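In the two assemblies presented below, chain A is common to both, partnered first by chain B and then by chain C.
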Partner chain A sequence: MRVALAGNSRRPAARTAERIPWFDTMVLPSAGVLAIVVGYPVVYTLVLSAEDYNLIGTTPPRFVGGDNFAKLVHDPTFWQALGNTLVYTFGSVAIAALLGLALALLTERASGRAGRIVRALLLTPWAVPFVVVAFLFRYMYLQNGGAINALLLAAGVIDTPISWLNVASLALPAVMVTNVWAMTPFFFLLLAAALAGIPNEVIESARVDRARGWSLVVGIKLPFLRNALLVGCLLMIIANFNDFAKIWAMTQGGPGYATTTLVVYVYRQAFESFAIGYASAIGVVWLALLLVFAFAYLRALRVR
Partner chain B sequence: MHGSRSARRRSLAVAGVLMLALAAPGGAQAADKVTITFANWASAEATTKPAIEKVIAAFEAAHPDIVVKSEAMSFSEIARTLALRVRSGNPPDVAQLAGNDTFLIAATGKLEPLSAYIDAKLESQIKRDALTGLSYRGKLIAFPWTLAPAGLWYDKAILQKAGLDPQRPPTTIDELTKAMAAIRKSQPDVIPLGLDTTNRPFALQSNWPWMATFGADPLGAQHGDSAQMKQYLGWMRDLAKNRYIDPGRKIGEFRPLAAQDKVAFIWDQVLLQGVIQNANKMSDADFYQRWGVTTQPAGPTGKSFSFEGGHQLVLFADSKQKKAAWQFIQYLATSPEAIRDYTLGPGASLPPLVKMPTPELEKKLDTPIFQAFTQTIIPTVTTPPYGPAFASASSAIMAGVQQAVTGSEAIDQVAGSIQQQLNRR
Partner chain C sequence: MMDAAADRRGGTRRTARVVQYVAIALALVWSLAPVYWMLATSFKTELEAARLAPTPWPLRPTLDNYRGLFGGSLPFLAFFVNTVVTCLATAIVAVIIATPAAYALSRARFRLRAATGYAMLVFRMLPLVVLLAPLYLLLLNARLLDTHTGLVVGFATFGLPFAVWMLKSFVDAVPIEVEEAARVDGYRRWQILFRVVVPLILPGLLTTGTFVFMEAWNNLIYPLTFVTTLEKQTLPAALVLTFTGQFKTDWGGMMAAATLTTLPLMIAFFAVQRSMVRGLTSGAVAGA
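For the complex of A and B:
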C-alpha cells in the first residue's frame, strides 16, 4: 500500500495526460507580453549601462562600453550601499523568520476565541501598508516628541532623547526594526500553516518516544518547517532587496549614506543626478544579484 | 398602427433637429476654445488648492476662449516628472517651478525663452531683481510668480522666557549660538533652531546662505574641503551636539511645531506666516506681537545671506498654445485677483511687482513681516550656481552635512569625503 502511494505521488501529472502539441502555442501571447513588459526594459537597461546618458541636457547618449562599471568599482558609496543592502536584507529576514517561528510555536496550541484574537492581532502589522508603517515608526523615533524616546525616558533607560534615525550607527538598525515588525507576520502566517500541516501521527509517535518541549521542536517540528522557511526566506530576501518605500520614507538613505541601499542609490542617481547610464550600471549589478536569489528560489521549489 | 408609426417618425425627426440645434452652438464654442495644461503643486497641497482653483476659475471667466487643465504634482516630484515628460515629448504648456528645478528643466533646452513676450510696460512693472536671476545661458527662461526669500523668524515669547530681548534678535552667529544655549537651558522642550538638514536639493538651497556666511562655496572657487567649509561643518556639528537643531526634519515639519510655540528660531520663507496662522488661527495682530523676522545672523564673513525660494512660471517650447499660455502666466503673476487670492492668500508670499495694481493690495503688503522681507532680507539674497551640476552635487554635499551633524568622523574627513564625491561626479 505504501509503495503504491509513493509511486503515484511521484508520477508527474503532465505525463499521465495526453500531450496535444498545438496547445504549446497557447503560451505565445503571454510570452509576447512578458517580452515587452520584462524583456525590453531589461535589455534596454543593459544598453543604457554602456552609455553616458544624462536625462537633463542636450547631449545625446554616448557609448562608453564598460566605463560605468569601472566607475562603480571605485565608487565607495556604491560599496557602502551594497553592504547596507546585504545587512538590511539578511539581517531583517533572519530576525523576522526567527520571531515568526517563535510566535508560530507559542500560539500553536492557542485555540478558541482568545486564540483567534491573538492570531489576528499578530497578523495586523502585515495588513498595514509599508509606507504607513514607515511613517509611523519615523514619528515614533523622533528625538523631540517621539513615543520611543518618551517611553525609554520614563522607564529611566536613557537620560536624554536619542535621535534614532539621525545617528549614523543607529539609523540602519532602527530601520531594520521597522522592517522586522512589518515582516514578522508573514513568517508567522507561513510557519503557523506549516505547523498545522504536520501529521498528528508524527507528533503522537514522538510523544510516545518521550519527545517533549525543545527536543520535539528541534527533532520533529523544525525538519517539517524547513521547506516553508526556505521558500519564505528566499521570497523575503528578494522583496527586501527591492525595498525602497520604507527606507525612503524614513531616512531617504541618510544620515550621510548610513541607510543608502542599492535601490535608494539607483533612485538618487537616476532621478536626482539624472545620470541614467550610471544608474543603469548599478541596476545591472543589482539585477545580477537578484537573479542569484531567484535561481535559488526556483531550485528550492523544484526540490520540494 | 400606421398612424402611430408616422407619429414616431415625426417625433424622432423633431428630437433629431432639436439635438442638432442644441449641439451646434456648443460645438462651435468647443471648437473655438483652447485648452492649456498647467503642471503645478499649488493644486496638490491642501493649503493652496482652493486658492489656485479659484484663480483658475477667475481666469477662465475672464478668458472664455481658454480652458485651463490643472495637473497636480507634488513639489518634490515635479522636476522629475517634467524631465521625463519633456524627454517623452509630452510636456505641459505651463508649469510652476522653484529653485534649482527651474534651471534643471531649462537645461533640457525645452523651455521657451520669454524675452520676446515681455513688453516694456510689463518689464517696468516687475522688480528688476526678480527677473535677473531667471536667465539660463543668456536667455530668460522663467517668469516670477511669487517671491519667497528666507529669513530668521523668531518667537518673541520664547526669547523673553529665556531672558533675551525679544526686540533684539541675534545679528551674528555668536549671538545666535548664545541665544540658543539660553533657550535650551530655560525651555528644554523647545527646538532652538528649525533648520532643514535633509538630503535633497531644496535643503542645499536652504543651507547655501549658512555656508556663504562662513565664506564656504563648495561648488566654486572654495572647494568642499576648504577651511571655510570645515568651519561651517564644525558649527553644524556643535548645533546638533548641543541639541540646538533637530536633524533630519524637513522644513515643513518644523512649521506645525512653530505654530505650537515649540520652535524658537526657524530659517524659513515668507510663507511661514500663512502656515502658522492657518494652523493655529492666530489673528494678524497676535502674530505680529508673537513673531518677528530678521536677516540671517552674520558669520565670519560679516555678511548675511538669504535664498530666494519663490515660485516661477515656465512656458514649454513644444506648447501648441503659446499665446494662451502666456496670457495665463501673466494673469497668475500680475492680476489683482491672482495676487489677492493666491500670492497673498494662504501661502502668503510677495508679488514680483514694483507697485501693486490696487490700493487694497498695497495696504495688504504694509505689514511688519512683508516690510522686513522687502526692505532688509531681499537685498541679502544670494543665488547658488543652479543647474544640473547643483542637483547632482546636492546629494554629495548634504550627505556630508548629515555626516557632520550626526556622525563622529573628524570634520576634516567629512569635508574630504564631500570633495571626493564632488570630484567623482
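For the complex of A and C:
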C-alpha cells in the first residue's frame, strides 16, 4: 500500500480525481425511469408554459412567449388561489404541529402496555386514506343530519345548523380542521420520537437545577425538538402545498373559489378548461415557490 | 414550612395528573370519534344514516351496505382489485429499481453522487399536478391511458425517489465490514449487493415497499386523470366519481365503501408503524 502511494506521489490529487467516475451504473435504472417520468414532464411544462395550447381546441399549439405569465399577473383567481394555498398550508401545519407537540408531551411518561395502546390509537387518523377522511368529514359537516351540527346544537353553541362547506367564509377553515385531524399524528409521532431521544442526563441535570413543568419544557426540551420540528414542518408544508385529495373530495374548490388552492386551480385549468398552456404557466410559478421550500429543507438538513 | 410546601406541591402535582389524563382522553376522542362514526354509519340503514337527528349508534345494525357494495350495480370488487394490483405493482417495481441506486448512493464514489441524491430529494417534493398534463400526453402517446401500467408509471413519479432515499438509509446502516469480507472472497459489486446486502436489509425492503404502497393508495389525482373507464378505476377515485351518482344520499353505503378502502391501509400502517419516523424523514441525512 505504502509503496503504491509513494509511486503516485507526484500527482496524487490528479490521479485520484481521474479514477472517480462521473456516474455509477447502479443508479442508471432509477435515473433513467425518473428522467422519463419526472424530468421530461418538468421540461415539457416549461415549454408548454410559453404556448397557447388547448387540449380540445382545433388550433395547434402556438408559441406565445410570456403571454401566459402576463395573464397570470392580472388573474384575480390565481391570486386568490395563491392566498388560499398559503393560508391552508401554513395554518394547518402550524396548528397540527402545536397539537402534535402537546400530545407528545402529554404522553411522554405514559409507559407500558397502556402507553403503547394510547400512542397507537392516537396515530389512527394517519391510517385513514385522504379521500375517506374527506368524505367522512363531509358527512359530519352536513347541514341536515351532520354529526358536528348535532353536537354543537346539543351543546348550545349554535342555534341553527350551519352549512359548513357551503359558506364561503367557513369552507376553508372547515377543510383545514379536517386537514389538521389527518396531519396531527405525523407531528405527534415525530416529536414523541425526538422527545425519547433526549439524553437522560440532560433532563436529570435540569431537574437538579430545579427546572420543572413549563421551564423544563420550554428551556430544556424544546431546543432539543427544534430540528425535528423544523424538518417536520418543512416536509408537511411541501405535502400541503401539493394536497389535492382532501380538498377535491370535500369541496372541489368551492363554494366559488373559497377553497381553491393552486393544485385545484391548475387541475381545473388543465382538465376542465383544457387550457394546458395556462395551467403549465401556473405550474411553473408554483414550481419556483416550491423550490424555495425545497432548498430551505435541504439547508435545514445540513444544519442538522 | 417545608411540609406545607411539599403538600402544596403534591396537590398541584395531583391536579396536573388529572389535567393530563383528561387531556389524553379528549385527544383520544378527537382522534377516534370520526373513525367510530364511519364504522357506525356503515352499519346503519340508508334511512337511519340520513336522519336529521343522527343516532349515536346503529339502532338496527345491518350488513346491507356491505352486501350492496358487492351485489350492487357498481363494480366495487373491480375497484378493490385495481387498487391492490396497481399499488402492489408500484411498490414492488419501485423497490426493485431503487435498490441498486440506493446502494450506489450509499457506498459508491462518483462525482455526481451528491447531485443525484439532491435531485431525488427534490423529485420527491415536486407537485404532482405540475407533472400531470405532460404525463397525460406522454401516456396518451404511449397508449397507456386507462391501463394499470399507466397508473404504475404515474405512481412511480413519487414512489421511486422516495424508495431510493428510504432504502439508502437502510443500506447506510449495514456495517461496511460485511462487504469487505465478501470482496475478499472475490464477489463483484452486483453479487455483493444481491447476496450480501439485500438479505441484510430485507425488513427495510418490506418497510419501504409498504410506504410506497400506502402513498399510492392515498393518491387521487393520477387515477382521476389517467383512467377514463369506471371499471378500471381505483377506490379513492371511484369514491369521488360515484359519490355524485349512486351514493348521493346513501351515506351508509358510502361509509361502508370508505371502511373497506381504509382497511388495507390501516393494516399496512400498523405493520410499519415503528419505522414510520425513519420513513418520513428519510433523506434527513442528505449529502452525508
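Quick note on the criterion: the second predicted complex is superposed on the first by the 274 of 304 C-alpha atoms of A that agree within 3 Å, B and C clash if a C-alpha of one lies under 4 Å from a C-alpha of the other, contacts with A are read in each partner's own complex, and residues count from 1 in each chain.
Here is the rule we go by: a residue touches a chain if its C-beta (ideal position, glycine included) is under 8 Å from a C-beta of that chain, and two chains touch if they have at least 3 such contacts.
In this text the structure is predicted, and so the values were computed from the model without any measurement.
Enquirer: Identify the partner contact of A:N54: answer first if only chain B is touched, second if only chain C is, both if each is, neither if none is.
Expert: first
Enquirer: Please indicate which partner A:S163 is in contact with in the superposed arrangement: first for chain B, second for chain C, both, or neither.
Expert: It touches chain B, and chain C stays clear.
Enquirer: According to the stated criteria, A:T251 is in contact with first (chain B), second (chain C), both, or neither; which is it?
Expert: first
Enquirer: Using the touch criterion from the header, give the chain among chain B and chain C with more contacted residues in chain A.
Expert: After superposition, C is the partner touching more of chain A.
Enquirer: Considering only touches as defined above, state whether A:N144 meets chain B (first), chain C (second), both or neither.
Expert: A:N144: touches chain B and chain C.
Enquirer: Just to be sure I read the superposition right, which of the two partners does A:F271 touch: chain B = first, chain C = second, or both, or neither?
Expert: In the superposition, A:F271 touches chain B and chain C alike.
Enquirer: Between chain B and chain C, whom does A:W22 touch in the aligned arrangement: first, second, both, or neither?
Expert: second
Enquirer: Of the partners chain B and chain C, which touch A:V202 in the superposed model: first, second, both, neither?
Expert: After superposing on A, A:V202 lies clear of both chain B and chain C.
Enquirer: List the residues of chain A that touch chain B in one complex and chain C in the other.
Expert: On chain A, the overlap between the chain B and chain C contacts is residues 144, 271.
Enquirer: Flag every residue of chain B that touches chain A in the complex, lowest number first.
Expert: It is residues 80, 83-84, 87, 104-105, 107-109, 189, 191, 198-201, 240, 243, 246-248, 257, 262, 388, 391-392, 394-395, 399-400, 402-403, 405-408, 420-421, 424-425 of chain B that touch chain A.
Enquirer: Which chain C residues qualify as touching chain A in the complex?
Expert: 16, 20, 23-24, 27-28, 30-32, 34-35, 37-38, 41, 50-54, 97-98, 100-101, 103-105, 108-113, 116, 118-123, 125-135, 137-138, 153-154, 156-157, 160-161, 164, 189-190, 193, 217-221, 224-225, 235-237, 239-240, 243, 251, 254-255, 258, 261-262, 265-266, 268-270, 273, 276-277, 280-281, 283-287
Enquirer: Can you name the residues of chain A that touch chain C in the complex?
Expert: For chain A paired with chain C, touching residues are 20-24, 26-27, 29-31, 33-34, 36-38, 40-42, 44-45, 48, 102-103, 106-107, 110, 118, 120-133, 135-137, 139-140, 144-147, 150, 181, 184-186, 189-190, 193, 213, 228, 231-232, 235, 238, 241-242, 244-245, 248-249, 262-263, 266-267, 270-271, 276, 279-280, 283-284, 286-287, 290-291, 293-294, 297-298, 301-302, 304.
Enquirer: Considering only the defined contacts, which chain A positions touch chain B in the complex?
Expert: It comes out as residues 54-58, 71, 74-77, 142-144, 160, 163, 165-168, 171, 251-258, 268, 271-275.
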